[in-house]
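Note that chain A is present in both complexes that follow, paired respectively with chain B and with chain C.
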Partner chain A sequence: MKSRLNVIDNSGAIVAECIKVLKNAKWASVGDEIVVSVKKARPISDKTLASQSAAKIRKGDVRRAVIVRTKKEIRRPDGRYVRFDDNACVLLNNQQQPLGSRILGLVSAELRFKNWVKVVSLAPRVV
Partner chain B sequence: MLGHSIIGSRLSLLGGSILSRQSGIRTCSVPVVAAAFHRQSLHTSRNVASSQQHFIVPQPQFDQPLTKPEEKRPNVMKVIEREAIMRADVDGRSKLFVRRAAPKSRLCAGDVVFVETQNNMSDSASVTSFTGVCIAIYRRGIDTSFILRNVIQKTGVEMRFMAYSPLVKRIEVLQKGEGFRRAKLFYLRENPGKTFQLKALKKMAQSAATAKKH
Partner chain C sequence: PCLLHSLRLEICSFSGYKIYPSRGRTFIRGDGRTFHFLSSKTESLFHQRKNPRKFDWTVVFRKMHRKGISEEVAKKRTRRAVKYNRSIVGASWDAINARRNEKTEVRSAARAEAVAKAKEARKEEAAKRKAARANQPAGGQKFSKQQARGAQVKVQANSR
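Our next item is the complex of A and B:
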């Protein structure tokens, strides 16, 4: 809750803040769905507005997202721990598919266990 | 009886003492599995035959201890741990984790390490590998682990591996670290300097390592 995450897709958002964890728990980890409010977004020029009438992300938007990296170490079933240097998420649409068409950084392999197939397939590298 | 391991006989002696203590109190519910086990091992004539079929009698996991403990009064936990390490030590990796060894022959913080892990126990062909700078070693006997850190796509990634896990297939020191004066190099998270800019070199070493294997 209230932690800031980097958004690593090309939806237009850069930094988002977690405002709700959607699983009756206090904390969310990799592969969990959360609600975020966009705190920082890439500026939308008129051209892109004209060409793409689809909803663009602005500052203040409230969206769902899935966490793809955490700074807190995650235990894998084989006993190893994985830890990243930042917290990161990917924004989702209403069908729980990623909003952006690309993902611009590595994601954790926990997503594969939790059936976020689309996110894993878009990611350039899964660790 | 003579063929039993020292630990086994020690355990059964221990169990025997429990039994003798509990034989005074007849109404007390004896742990029957243990009782059956010790009845088998000690050939005592306790009357628990009626409950024999309902319980699984635990078989010793290993028949013989690998070496006879040299100490006069061995610490059982130490012996068990030593044996566990000897069993897990399939490729001489325990030499990497000897604390008092020369820095050349052991794993030190600051080394560039390549680790290959199996993805599951059933399929030994599917492996993933990870290369990184070792920033910490936790020496805990059979639970020994170490942390590797690397920067992948501008994101720092740290992996903590269990050194004696059967899933860890290969641990290889690619390059010895230089100029590190600490046992734990957590400061590399904040100011890495040029530690992780050896990546091109590292990848070369990694491909070389895999090429050597195949």
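Our next item is the complex of A and C:
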């Protein structure tokens, strides 16, 4: 089953579909890297087209991403189970750095412990 | 690194019950608001958007209908206004107090005295005035103000 996730950075993609889980497991959770195919993307602005460094995300692109929110509950060390309202991810480049420069919305605090420092620092709120 | 939230007791967002560690679930909504649920029952009701005030086992309901509160109602403490003895500019507290505690007889005696004095003063004034009037020259006619001023003199024109 290919899950669809909301892309919550400003890379241009809106919806991504998970096509591979990059760990030796059946499913991925918050803080896991996955390979996604972009299913919906915003039209590329002229500025992005002109710039050399900005990533141009189009529909059908295959990219890497990290999961930042899941609707499936995650267990925290204090025994509490936490779940979000949707599934969300942030697109990454091949060096595991976020493609976008901004993240909109919440991310789970799990990211901190899976060493996604850059993502956590970009996020406006970590819960 | 631990995500231990210092093992604090949460309160169920629906029922108001205490949630001990490793019980229940936490739901973080898209807008960031966090909701804690004691059980799948409360969680389900929350997502059905039920109003906890309508469920008589919830704390909100009980509070609203004032159930089980009678034992805890403490006697209402009445506030007593403290009276202060304050002096005013022009009258020290002693003066005010003295005035206040004057006996009626004393007061009326003082008043009578004052009245008598005033009468005396007035009699003197009347006598003085009479004397002054008697000393005025006889045949003092009464003039009206207009007569005293005199007729208006018409200003003669000397230029044209």
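In the analysis below, the second predicted complex is superposed on the first by the 118 of 127 C-alpha atoms of A that agree within 3 Å, B and C clash if a C-alpha of one lies under 4 Å from a C-alpha of the other, contacts with A are read in each partner's own complex, and residues count from 1 in each chain.
By definition in this document, a contact is a pair of C-beta atoms (placed from the backbone, for glycine too) under 8 Å apart; a residue touches a chain by one contact, two chains touch by 3 or more.
Source: prediction; values computed, not measured.
**Q** Give one word, clash or fit, describing how chain B and chain C relate on chain A after superposing.
**A** clash
**Q** Looking at chain A, which partner touches more of its residues: chain C or chain B?
**A** The partner making contact with more of chain A's residues is C.
**Q** Is A:V21 contacted by the first partner chain B, the second partner chain C, both or neither?
**A** The answer is neither, since A:V21 touches no partner chain.
**Q** Would you sort A:R112 into first (chain B), second (chain C), both or neither based on which partner it touches?
**A** second
**Q** Examine A:V82 and indicate which partner it touches, taking first as chain B and second as chain C; both and neither are also allowed.
**A** both
**Q** Touch test for A:V35: chain B only (first), chain C only (second), both, or neither?
**A** neither
**Q** I need the one stretch of chain B that runs into chain C once the two models are overlaid. Options are 45-53, 63-71 or 135-143.
**A** 135-143
**Q** Once the two structures are fitted together, what part of chain A is touched by chain B and by chain C alike?
**A** Touching chain B in the first complex and chain C in the second, residues 73, 78-86, 105-106, 125, 127 of chain A appear in both lists.
**Q** Across the complex, what residues on chain C touch chain A?
**A** 1-5, 7, 21-30, 32, 34
**Q** Give the list of chain A residues in touch with chain C in this complex.
**A** Residue positions touching the partner: 73, 76-86, 105-106, 109-110, 112-113, 125, 127.
**Q** Per the contact definition, I'd like the list of chain A residues that touch chain B in the complex.
**A** Contacts found on chain A: 69, 73, 78-86, 105-106, 124-125, 127.
**Q** Can you tell me which positions in chain B touch chain A when the two form their complex?
**A** The touching residues are 117, 152-162, 165, 167, 189.
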